[in-house]
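Shared chain: chain A. Partners: chain B in the first complex, chain C in the second.
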Partner chain A sequence: MNETPVSVSTMVEFTLDDEVVKVPDGSTILDACRREGIETPTLCWAENLTPVNVCRVCVVEVEGSRVLVPSCSRAVEEGMVVATDSERVRTSRRMVYELLASSVEMDRADPEVHAWMEHYGARPERMGDRSEIATVAQPVKVQDDLYVRDYERCILCYKCVEACGDDAQHTYAIATAGRGFGAHISTEHDVSLPDSACVYCGNCIGVCPTGALAFKTEHDMREAGTWDESSQSVTTTVCPFCGVGCNLELHTQDERIVKVTSPADHSVTHGHLCIKGRFGWQHAHA
Partner chain B sequence: MPDLYFGAADEATAGERTAVAEAISGFGPVVIRESERLVHAGRSRTRERRHLLLPVLHSLQRASGWISPGGLDHACAELEVPPAEAYGVATFYHLFTHEPPTSADTVHVCDDVACRLFGSGKLIKDLRDNGHHVKASPCLGQCERGPAVLVQRTAGSDLTVTAVDGGSSTTTLAASEVAVAIDGANSTPSVTLSQAGSDQLRLLARVGVVDPSSLVDYRAHGGYEALAASLTMGPDRVIDEITAAGLSGRGGAAFPTGVKWRGVADQEGRPHHLVCNADESEPGTFKDRVVMEGDPFSVIEAMTVAGIAVGAEQGWLYIRGEYPVAAARLTHAISEAYAAGLLGADVASSGKRFEIHLRSGAGAYICGEETSLFNSIEGFRGEPRNKPPFPTTHGLFGEPTAINNVETLINVLPIVVMGGSAYAAAGTDRSPGTKLFCLSGRVVQPGTYEVEFGATLREIIDLAGGVPDGRELRAVMLGGAAGSFVGPESLDLPLTLEDTRAAGVSLGSGVIMVFDQDDDMVDSVRRIAEFFRDESCGQCVPCRVGTVRQEEVLVRLSSGSTIDEEQDLLQDLATVMKDASICGLGQTASGAVLSAIELGLLAGSKSGDGGSN
Partner chain C sequence: MWGSNARNAHPIFFHHALRGVNNGARMWTVDPRRTGTAKFADHWLGLNVGSDIALANGVAREIVASGLQNEEFIENSTTGYEDFVAFVEPWTLERTSEVTGVPVGAIRELAHAYATAGKAQICWTLGITEHHTGVDNVQSLCNLSLLTGHVGRWGSGLVPLRGQNNVQGGGDMGALPNKLTGFQDVEDNEVRAKFEAAWDCTIPPINGWNLTQMFEAMGRGEIRAVYCIGENPVDSEADATHARAMLEGLDTLVVQDVFMTRTAELADVVFPAALGWAESDGTATNSERRVQRVRAAVPPPGQARQEVDIINDLAAAMGDDDWGQPTPEELWDELRTVSPMHGGMSWARLEAEGGIQWPCPTEDHPGSQFLHGRLWERPVQGRPAPFSCVEDRPPLDVLTDEFPLRLTTVRALDSYNTGVQTEHYSSPIRTGEALSISTVDAVALGVVDGERVNVSSRRGSITMTVEVEEHLAVGLCHTTFHFPETTDINQITSDAVDPKSGTAEFKAAAIRIDRLPVAAGQPVSVSHSA
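On to the complex of A and B.
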């Protein structure tokens, strides 16, 4: 969990983009940026997961540091001098987007990803013609009625692995396998999802930022061209299955539930659900 | 501990069950305790037996020639590791395979920068034609006698087969010789140093002189004098002498060893760890192998001195999996040291405990990065951690750890015996002592050479007999694949830390690989780019994708594209890898490429298969 302590006895003073600011001791640079209203792109960071600092899109320049540092996981230190919009920072952030978008299908990524790519002027096409350069293109995995794993959209942010493991579900059905550009998310021995340890909580789908993991309902509608977020409404309710009190967000289109999420900042779920809350709504249409 | 789910994999075979049991029992009592420590990506570091995963995987691979699903599931049940995570670990390493074997032996042939100059391409073809199961390999650390071969055997010890020592400029290795070595289960004997026996040597003094299997012979040549001296001096004095000697890390970063040790020794709380990084995998580097094969007790003694100095009771020797001869000699040396009371609960009757655990890597250059190495020992994927925190405070198992490579550690022995200031009399003011260099490529007598800091590049190349007649030095790869190329104009550069830094290059791991006018530099540079692509762990975007894009550019350059067209992209790739990668691999993956461009080595791309010999 990446929570700033609520009760702090000390504040740390440092320089953030030429302004002297004070933040609670223990804050990360990203926390400080958010407090100060400095928008910062992230891909592998999520408020309900432990930072893994692998995407490197949130890097900032810290005076005295030989290389850029990931703002999501570097704690602010007294007297630190941080620049979030220097030429070095802009170049690296643009390149991270260009590298990802040249190798991964980004069309279903969160809208903010596209906004940031435009902001930094990312031109992934200059890496070469996609038919001639390495990409992660591969057939989509549809192995059951609930999940779709579409790994040509996977940026390897590790979020699903964290949600499946210690950060939420403690199921450990998936992990990173292979190495280098061949690294990928896999079940043990690459068995199909129904044969794996997966319990179908859907928490991996809940944290995926690029649409690589999706509800089958959403995937089918997208493939059929009927998915239309602008016509969807979201209704917040409480899961009826047990007494825990998980908040559900029912996404509906044409009077039908198309997916279920939970708010990442909800004190009970932290965004995570179980198979019943996530998928057990078919009776609503019966 | 989670409830583990095991799918429908076949049962482990009896052989696999035995292999797992042996690997676990062979490591004695569990040394790791459950406690609140560093948590990476939310994973607790301290599941009690997880650190046995890597030895167990080795044992399975050796028993049945692959990591079968049934074998892996059985190992997971024994070690209480989720199968998906163990599969992720097993697939991280190139020496583990995941399909049933088609042949009892896998012949890994080095086709890296040095060996490809000496006919590795032809050897690979010949071996395949003769029916061997062959894999092209990154640098096997035998560059002074390439082309090098590692034979990975099922139900037997691995072998290294190379051209006869030091003869790479005149002899080469024939496929038939590899077959003979496999039949006889013989590794090529250790290399003979051309400096062997010289009284100028400090670090290599015993190599080629003592019997590497004999503790008695080691002691007869001054062995264990340093341990005795250090026990008399006590930890504080030892660290003071190391500091006075001005010893700095020999792995490339040149961090002051005394500062590192003091940092660990001063950490409150126990345990502390001492790790010897023997994962020497930088292309062109083989000096640590020469020390470990020729003088293994010195490594064990140096670790003992270091461990006691920093307050560690546990020592870990992590050696790359491609060094079977060195690993066997070190294993023997460790058991001899235990038997003689020089390791264990009461080291040399001092009342101090120090244990050494030897762990073999399994084909992953990245595991030479210190935090990757920790993860590898702990049974996780060898992915580097973000720094800070540094190993001094959060190292192996999240505990204070001093980690040094082999060459750095063996410097400790003469320092303790002669005293820091006497040690520092050699070399220059800012680079005291001696340095091991790995000479390979176009020199008359390739090999490991020990010289005082301050010798110039030309002097060191001359020590190796210079460039063979009829050849002309065109470029030198200095410091390794993560270093840079320099041209003939740099021959008078003194190879000290300060002079190389001022010149914008690095001593790296001591690599001096010489190329001549006929060598295909575009191919060599492309091979370096391929190396980084293959060895990136894949964790961070700049390195995972950047190394791929960089290699693609180099391939385009060898097939007609021009530097002018690719310059901007190469520069941007270099910038993001250097600035935004998590660890040193990505940060240095473009250095050789950029320096080659600067020297104009890529200007006239030639076609060809790379070998000019």
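On to the complex of A and C.
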């Protein structure tokens, strides 16, 4: 009764790309792929969020299944036969990237997104010239001194909604609204962010994979052409506000802090911070 | 959650609590206000300010009266049970309800749920400690954990949530009047001998003074010089006028800080210091005793220097040249030789393991996720845990016809303490200082939302803006204290102090609200024109 609980898991055996592998019961196919060194693209998945299965770039082929299955949420079953690099998988992943990138500005997406698009030979331009076809282009929303919402870059991965909701912040300031091409991330009744329930923890920005949500400091530097990630370094330290011990990653450029994030694998924060930890650094350069 | 608005004050800790709630954990909050934390709870017990001991004693009596105490644990691991039972006997549900303002049914339900839970934690913050009975308040909660055995086990325990990133580490290092490094007693001859041998010096054999006692000693003229590091008492002390007068009366005041605070403005000498979290290398210890590395990311501005270097140079200037120029890691390794609980924590391990919870005596020790596990060993190891018979003693700043309202200080999500560090970023949710009062009180006083009023206590008087809060208890007011340069709350907060901890009773002042006199030339009333 006084021992720290130790989770003892049974192992499940299945076939992954023609190899028989064993993984702990409850693992997803994505977990198994990572364990076996099979790289798998993801967009809406994050280690600190519950999978919502919306982006479909992590799909794999499971023998006996009519449709491709999202590896991020499908649990491995005994005897399952999985193919991660079949022609059907490659075609599907390529198509997803092409559809997204034809309607969404992807230039600030994580570098690995571009690497995967190249890997699968995605050619979004075959859907038509972006100046002529329907896109989600719209003016940038800047309503305060901390956040920028640039929905021209939004792929509707829901990560921000999850981070704002049950997976971390429990503030529920944003949700999806609209249908079809008009689907978008919105505050309640589309009020401005300062008028919404938002508490400016920045956890939505922390999980955004495409730069649709950005810290205003970063946005302003990008607009001014001074944002230079190659010259930045990242130092992990402990937040100065309160005694919880959140780890901060201080992104610095030219001896100034330009952005604060938190490691997703840190046991205290799981990558999430509050407004003080995320934005309170400015006193370092007061 | 007892006297803790973790939703605002410890948001990331609260993420963990909410994950538990999502997984089926039940949460009770005990707080005079229905806080953001309370809104996530199954039950909210809105007790009268300062009636925490009464409530804890009532809960204890109900647990015993219902036969829900953990007999085995009490028998083997505690002392003073019989006396305690007799002591809390008068605290019937009815009497407890009368004193605390909490309905009988809610007290009974809390008592039964806590006692019968497989695992239960009591978390608290300044709502417990910032009272003249702060230490007693904590002990009254400890009693509940001893009655039920909710201590020293995985998932059960007593959880004080620390307000500053390294207040625990400061204690670890011996920045306490009665402890040397590693919580070793100053008045223990063997301990002192160990440190005297290691440091080649003589350590005074008696406990020092806490902050409140130091201010008292300044008043008596026994302290003539103060070296103040990283503290802003001119803004943070209850009864700020008194604190300022004491500091101004010193022969010498040296302040070492990252900002030119209002305390630093009074100093004879100011040592500009590097920021502890972004411009210095070292460690910090969080609320769960986890020691983690802090690292310099940017150089300190201007003449600001590492605090270690300032102190070393000061030692040299005082004639001791033996200190050398140790690196933070060398200092840490020296600490490990004199503080057994840190013995196994090399920097290499802290880096590799992302922090270690003390005690961690040896390099092969994994650290300790919880304390007091010894109480579950049979026979129990060390001293059994004593029950404490603590009296309910209401706030010292009593409510009278002249000062009929209870003022308690609270924290805003986006600001920190006296605002020195948080005033530099533009927060969209910052609304500035306001005095929140209930609708009933607003009507009775004839004041409206946004009106400037005069707020007085037995110490002083300030002008504030009223904010009418619909669900606030009648007779209760609250305000933050983050903007001392515009609203100096500590002009009116109570100067009562817990003699055991030295902590001021920030949570309970008696105040009066008066409408401002109408200035000449202004209309007497405002008519609502179409």
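One rule holds in what follows: the second predicted complex is superposed on the first by the 278 of 286 C-alpha atoms of A that agree within 3 Å, B and C clash if a C-alpha of one lies under 4 Å from a C-alpha of the other, contacts with A are read in each partner's own complex, and residues count from 1 in each chain.
Here, a residue touches a chain if its C-beta (ideal position, glycine included) is under 8 Å from a C-beta of that chain, and two chains touch if they have at least 3 such contacts.
Just so we're clear, the structure is a prediction, and the values are computed from it rather than from any experiment.
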Open item on the list: For A:R256, using the defined touch cut-off, is the partner it touches chain B, chain C, both, or neither? Pick first, second, both or neither.
Closed with: second
Open item on the list: Going by the contact rule set out at the top, does A:T237 touch chain B (first), chain C (second), both, or neither?
Closed with: second
TODO: Name the contact category of A:H272: first (chain B only), second (chain C only), both, or neither.
DONE: second
Open item on the list: Touch test for A:H170: chain B only (first), chain C only (second), both, or neither?
Closed with: both
Task: First, second, both or neither for A:N247, with chain B first and chain C second - done: second
- [ ] Pick one for A:A286: touches chain B only (first), chain C only (second), both, or neither.
- [x] second
TODO: In the overlay, answer first, second, both or neither for which of chain B and chain C A:V96 touches.
DONE: first
Open item on the list: If we overlay the two complexes on their shared chain A, which of chain B and chain C does A:K159 touch? Say first, second, both or neither.
Closed with: neither
Open item on the list: Show me the chain A residues, by the header's touch rule, that chain B contacts in one structure and chain C contacts in the other.
Closed with: 166, 170
Open item on the list: List the residues on chain C that touch chain A in their complex, please.
Closed with: 9-13, 15, 18, 22, 40, 152-154, 161-168, 258-259, 275-279, 284-288, 290, 292-299, 301, 354-355, 369, 373, 376, 413-416, 420-429
Open item on the list: For the complex, give me every residue of chain B touching chain A.
Closed with: 2, 4-5, 7-9, 39, 41-44, 69, 72-73, 82-88, 91-94, 98, 364, 381, 386, 388, 533-542, 544-549, 552, 556, 569, 572-573, 575-576, 578-582, 587
Open item on the list: Which residues of chain A touch chain B once you look at their complex with the stated criterion?
Closed with: 49-50, 52-57, 59, 67-68, 70, 73-74, 88, 91-92, 95-96, 99-100, 102-103, 126-128, 133-134, 155-156, 158, 161-162, 165-167, 170-183, 186-191, 195-197
TODO: Provide the residue numbers of chain A that touch chain C in the complex, in ascending order.
DONE: 1-5, 143-146, 166, 168-170, 193-194, 198-201, 233, 235-248, 250, 252, 255-257, 266-270, 272-277, 279-286
